[in-house]
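Per-chain residue numbering starts at 1, and chain names A, B, C and D are given in the order in which the chains are listed.
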Amino acid sequence: MWGGRFAAGPDEVMAAINVSIGFDRRMAKQDIEGSLAHVRMLEATRLISAEDSSAIQGGLNTIASEIREGRFPFREAYEDIHMNVEARLAELIGTAAGRLHTARSRNDQVATDFRLWVRDAIDAGLDQIGELMSALVDKAIAHAAVVMPGFTHMQSAQPVTFGHHCLAFVEMFERDRGRLRDARARLNESPLGAAALAGTSFPIDRAMTAKTLGFDRPMRNSLDAVSARDFAMEYLAAGSILAIHMSRLAEEIIVWSTAQFGFVRLSDRFSTGSSIMPQKRNPDAAELVRGKTGRVIGSLIGLMTVMKALPLAYAKDMQEDKEAVFAAADTLSLCLAALTGMIGDLTINPDRMHASASAGFATATDLADWLVVQLKMPFREAHHVTGRLVKAAEKKGVDLTGLTLAEMKAVEPQIVESVFDVLTVDSSVASRSSLGGTSPDNVRREAETWRDKLKLQ
Amino acid sequence: MWGGRFAAGPDEVMAAINVSIGFDRRMAKQDIEGSLAHVRMLEATRLISAEDSSAIQGGLNTIASEIREGRFPFREAYEDIHMNVEARLAELIGTAAGRLHTARSRNDQVATDFRLWVRDAIDAGLDQIGELMSALVDKAIAHAAVVMPGFTHMQSAQPVTFGHHCLAFVEMFERDRGRLRDARARLNESPLGAAALAGTSFPIDRAMTAKTLGFDRPMRNSLDAVSARDFAMEYLAAGSILAIHMSRLAEEIIVWSTAQFGFVRLSDRFSTGSSIMPQKRNPDAAELVRGKTGRVIGSLIGLMTVMKALPLAYAKDMQEDKEAVFAAADTLSLCLAALTGMIGDLTINPDRMHASASAGFATATDLADWLVVQLKMPFREAHHVTGRLVKAAEKKGVDLTGLTLAEMKAVEPQIVESVFDVLTVDSSVASRSSLGGTSPDNVRREAETWRDKLKLQ
Amino acid sequence: MWGGRFAAGPDEVMAAINVSIGFDRRMAKQDIEGSLAHVRMLEATRLISAEDSSAIQGGLNTIASEIREGRFPFREAYEDIHMNVEARLAELIGTAAGRLHTARSRNDQVATDFRLWVRDAIDAGLDQIGELMSALVDKAIAHAAVVMPGFTHMQSAQPVTFGHHCLAFVEMFERDRGRLRDARARLNESPLGAAALAGTSFPIDRAMTAKTLGFDRPMRNSLDAVSARDFAMEYLAAGSILAIHMSRLAEEIIVWSTAQFGFVRLSDRFSTGSSIMPQKRNPDAAELVRGKTGRVIGSLIGLMTVMKALPLAYAKDMQEDKEAVFAAADTLSLCLAALTGMIGDLTINPDRMHASASAGFATATDLADWLVVQLKMPFREAHHVTGRLVKAAEKKGVDLTGLTLAEMKAVEPQIVESVFDVLTVDSSVASRSSLGGTSPDNVRREAETWRDKLKLQ
Amino acid sequence: MWGGRFAAGPDEVMAAINVSIGFDRRMAKQDIEGSLAHVRMLEATRLISAEDSSAIQGGLNTIASEIREGRFPFREAYEDIHMNVEARLAELIGTAAGRLHTARSRNDQVATDFRLWVRDAIDAGLDQIGELMSALVDKAIAHAAVVMPGFTHMQSAQPVTFGHHCLAFVEMFERDRGRLRDARARLNESPLGAAALAGTSFPIDRAMTAKTLGFDRPMRNSLDAVSARDFAMEYLAAGSILAIHMSRLAEEIIVWSTAQFGFVRLSDRFSTGSSIMPQKRNPDAAELVRGKTGRVIGSLIGLMTVMKALPLAYAKDMQEDKEAVFAAADTLSLCLAALTGMIGDLTINPDRMHASASAGFATATDLADWLVVQLKMPFREAHHVTGRLVKAAEKKGVDLTGLTLAEMKAVEPQIVESVFDVLTVDSSVASRSSLGGTSPDNVRREAETWRDKLKLQ
């Protein structure tokens, strides 16, 4: 590690800036998978002998074991993971190792490995998002009828249920999964066989390697195959939006955990305290989830900056793609785990939520809607009448339910007793039963549909 | 316009920061479409009478005409496009106008309008990208066999064809279209009916309005419907990657237009000159396409910064979403048009390209591959032999084709006459006939497949 | 305006992408200032005659009047502001106009104009920040002793005064002014005379034009003079940090305005309400200040993306610099004005603040400090004793002040009566009288120092 | 390291997201410096005894040795560097360790450490930039008179000297140093003594600790002291602009190293080759310098995203500040070292540069200027005459020097023999002797001034 300033001779400087084994070793598994697929194809197309193929596969499997068991000798002298594996293979099996690189170049090899790595990261991410969604769905089912304020501008606007709020995030995270699935489908093409950039004159079978590696098809242009990094940017963009969604939920946990709101309480496991201020329950984990959004967006911008205006085909700048993606994948995985844990452990304070929802004429809209439906008033006129009723209540120092029917009639003579049916927050949420509305029945139905959907996966 | 400093009273300041009609008037068409769908549904569900519905629809159609013909009185006093239309409607048809807002809120209205706008922008973008792809495909067909250097690190590595290079970008732009199509499919859900944030107690038919507006379905959570802006971020992310792809192509046009490269010549229409330096053909349009990437990425980051950690549901910060998207859509549309024009007009210099491709032992890889195939050498050994042959040629001051067979045999006795078949750049590109390789036959076949595909759309 | 897709012929496309008069007209004042300085120098160095100089100056002054009075015929055909002015000058004074461009190029001209514009924007910004600081200082003086919770993790940690909180932002904004002043000093060098990029063979006097335009000196390298845009990036970076500081204050206004916090109340002028929910006081202006940070950061990233890897000297990409800077300057000016207005109008609720500060053992640290000072306990031990006392109070259901001396002695026998002097939030803030501490005396002294400093400017 | 997905129990998740010792150990040196300054002040103000002070200092010095020698037991259980040091101190010296934290909190401690770290990074950066500037100045002196094309739009516009081009970057890097120096001066205030956020009631001497640590003064507001991270953002912004300047130079090295340009040749030490393509000299180091700009900008945006809208005072999100700064500082240090090495080793090809500069009527501007000066033509008319002369030369297939005087007179009868003095690229650069112009004399003078200035530092 540098102490701020790098003081070394030219050779060390060049090594330090050029070497990538420190981070691209994380693609070891993918590199070996890619090589195994390649060598089997070379054998099938008779580009190498069965003996050589067998020796190479044996050697690669040995290397895979060494890596899994932490015995593999990663060496900076061999610069990157590809050279490390190839050098080790030569040590293990001798000259046959030299045939592995037939009809392949480091350019298509690294593109293959990296696509496989991102694909694995997406698959893991999809599972983790599913777990977070399940945690939210469980909360939604448990608290389908708990009334809380629905906010606009952070001001209470209309009552909603806590379960409905949870499901709003389930919808967002489902779209995040959609983005990741689309990214996965789009990147799932094989660059292997593009060689350095022009394709090859060897009669290789790119469809075979693509299939072996689980790719849907070979990429159809060799220059594109080694030059493209849009798949990494798309992953980072989808990840950034996911991180933003997590940050929105984290922000709410932080605000709702304040003494002033008091809506929720984080478990001890996901907060830190103060030995002398027992009331202090710092939502550290939620703050970190919120803050780490910066890192994912930073990775996205970092890679976009790298790729902008970069001519084809391979340029060394593109080596910067991996650390950006690794940092984002790690951050997302950690934040998903932490947020899932926090949601699972979260306890809520229904009384504080209900009281907060009931304050401030939060059912004024319900009253206006009642006027429209029952008295056939135009919407805008109903709004004005409601405004006058609210002022009357305010003057009297009561909520809308605190007005007598007579007092209401003084403002609008056509009002009848049944108006009181719509003035409590509970009746309000119950009435919002149109598709997508916050009524407890809706919430329960939606949540159970989600539970089934998530289980099936 | 401010002269750098805003000097005005509090009311003007508040008006200036709050008002959006200056930019959201661009959603006028979508706003009226949304209102027409809503009023027809209100009539169908008997929430308003046929007479009121008819009056409202008539008024809205009048407003649509006024806007189309530039006669609509946009007024800052009515803050945004929604209020402007509503106020005008009241002027035109009187109190019935007050019924239009039944079971609707500005929150679901603006979300609806904005989704419709982005959808239109995507549709227009898809067409434009298709035109750019067609221009590239035409060039690929015309120059399928023109040999140019294939670069890595901006150093000539192996010969490719110009057509192959064009098709690499066609592949990239097709994935850009895929991203936009996926974004379109994901955003194509109707928020209308979510009302302020909680849904509504009116027995509305959200499926009907969704269908009328061409949405695939209503959104299933009212809080999500008014809070979500991931569709806008996804559009900006897809647009940023598209812009980066355009910047890569623009960079190449700029470099290839230099006197030193001399590969291509921009038409007069897309370059600017100097009255006294006739050789100067400044690639202004390409530079602007390259530079304007910054604006699209800036819009993406701007909106991500807005949305990060924003609690649900609607917050006024979200008003910042529109200008970011409008700026990006305009920029992309303009850059696509300019790039399509540039490619269409581009003339190339095949001789310079060929000469450049032929310099510097660019077929050394072909020689190595020949040794592997013909002499069964392991790849790594073939590499070493090739290195020695290249050094011999370098010493003699000739290209690989300038060595005699005897001189070759001095390095590797097994070499035979047929080696010379692979040493020209033309034979090299012809030989890369594996799937995705640069051979002229491949390029022609691919380009024609693309031409058919693009025509069918 | 494009409707999403740009459909026009090549010439319109080129015009649309190339033309800049739509935005660079905002530099008209600076362009004329620069030309006036240049022509006076040309006369002084006898490069043009006094007659020509006089005619040119007369023409430029006429043009300045035309622009001020809105009579100037801006024409797209003349592409940019420089050509518009030059063309108009020719119309007004004939061929003498052709001598103005002697020893000058559009490259050094635009660099000069843009530096002057940014300098003006900085000067205006410095004034506006000063006004915001004054508004905060006034609040600090008025509420120097109002106790509120000091938060960490949004959890009340220790009491502070509202005045102290205001002054924290005064410090931040002063550093923002420092950054802008440093940027101003660094950019205040004259590029004029660098000509196209190489300097000129005319015996010009660059020191003279620099002095006339208020620059500190001429730039010392002509290539740098026309290629550099770090001054614009530095301005945007300083502006982004300023915007972030404003967003932090805006966030607090929004949170403190919630019903749950109830610490502050925005004036009607800077909030919007709901006709039917009178309690709803939406902090729109604060939300917009918070959200518009995204636009400034977006401009910064946009320009950084443009400049990255751009070779010297002038490239057309750099035309993108102006709109980014203009958008940021406008946004900052508007946000500063809005925030200054909001702070000036803000009313606070000292009772809510005090009550909130008093809850939750907020003086536990004061108790621990008392143990260290009075009983000479090591800090860590004092912490443990305090923890036990807090638990005793919690068990009893009281605050620390609710424990009797006997109950305290049961935990730590050495405690004496005087401990109660440190247990109220008022005594707590009064005691923090070390330099920079929150004691009302400190706050008053600091605030008055600031008031004097701000008045002197 | 996570394999893409984090699968662990809640406690591990919380530990993983919360722990910072993995990176903040890099502040160990600064943490101990800060503690030593603090303990000496506690002794001087009699807040602790001389014995305790001595024991604590002894313990801290021991810890410093342990860290230097790699013997310090960093433990994840103690979360961060501050707790690790404190826990170790207790092991070494017993209960006296508990007095170190008197009148201090982790909040002011971490702010102090981080400012010291950034200050050290700036100091190291200033030295390294100085070395890069020296390398450029050396090149400028060596090649003060080497003529190369001066480019606009990457098209040759006017001849300049290579030395002049080098000095353009010296000017940019000097401004980068200015930005870092300004950032250093602004951050060089001591937060120590702000305690948790409110200051302290202990009679501490903040001026003393500030002085001991080399800070210019204590910060004047305790809330600001623990909340501010603008110093880190300012460092990252200055670093981003520096990185962009490096990327511009790297881009030129890459372009100039192409076979097509052939202006420069990177040394073997800073390029990689191909065993079979000896002409291939991949400018890997330059590409990495260019690409790594993305990482620095990504860090800047990451931290800005974290800080935007963050309420005071400390929030856990701010823990994200360090890795962003460390990554940027490491990247800048490495890129500066690599670029300095590359420039030092760079060999240039004066013949290619000269030939390239001479092509394409690059002295047309000189001819126009001659017409203005010698024949008193207005600039615009001189331009037209030059255009006609260039066309004549083009028609004849020669450069401007290839026209006879008679041929010139046919276009403009007043032209005389002396015109030929200005038509070669060497005379052109020699003539640009105005301040800042490219003439070799200017370049030599400037370069030597720089050499003296850089030596003195």
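Here, contacts are C-beta pairs under 8 Å (C-beta built on N, C-alpha and C of every residue); 3 or more make two chains touch, one makes a residue touch a chain.
Given the structure is predicted, the values throughout are model-derived calculations rather than measurements.
Asks: Between chain pairs A-D and B-D, which one is joined by a greater number of C-beta pairs in contact?
Replies: Result: the pair with more contacts is A-D.
Asks: Pick same or different for copies subunit A and subunit B, depending on whether their interface residues overlap by over half.
Replies: Homomeric contact, same residues on both sides for the most part.
Asks: For subunit B and subunit D, let me know how many angstrom lie between their CA-based centres, rounded off.
Replies: Centre-to-centre distance between subunit B and subunit D: 33 Å.
Asks: Measuring centre to centre with CA averages, how many angstrom lie between subunit A and subunit B?
Replies: That pair's centroid distance is 24 Å.
Asks: Give me the residues of subunit D that touch two or more other chains.
Replies: 152-154, 157, 255, 282-284, 287, 290, 293, 297, 301, 304-305, 308-309, 315-316, 365
Asks: What's the contact topology between the chains, one of line, ring, star, complete, other?
Replies: Topology of the interface graph: complete, with all chain pairs in contact.
Asks: Considering the complex alone, what residue numbers of subunit D touch subunit C?
Replies: 95-103, 107, 150-154, 157-160, 164-165, 167-172, 175-176, 178-179, 182, 186, 193-194, 196-204, 206-207, 218-225, 227-228, 230, 233-234, 237-238, 240-241, 244-245, 247-248, 250-252, 255, 290, 293, 297, 301, 304, 307-316, 365-366, 369, 372-373, 378-381, 422, 428-429, 431-439, 442, 446
Asks: Where on subunit C is subunit B touching in the complex?
Replies: Contacts found on subunit C: 1-8, 10-11, 13-14, 16-18, 26, 117, 120-121, 123-125, 127-128, 269-270, 272, 282-285, 287-295, 297-306, 315-320, 323-324, 329-330, 333-338, 341, 345.
Asks: Could you pull out which subunit C residues touch subunit A in their complex?
Replies: Residues of subunit C touching subunit A: 152-157, 254-255, 257-262, 274-284, 287, 301, 304-305, 308-309, 356, 359-362, 364-365, 367-368, 383-384, 386-387, 390-391, 394.
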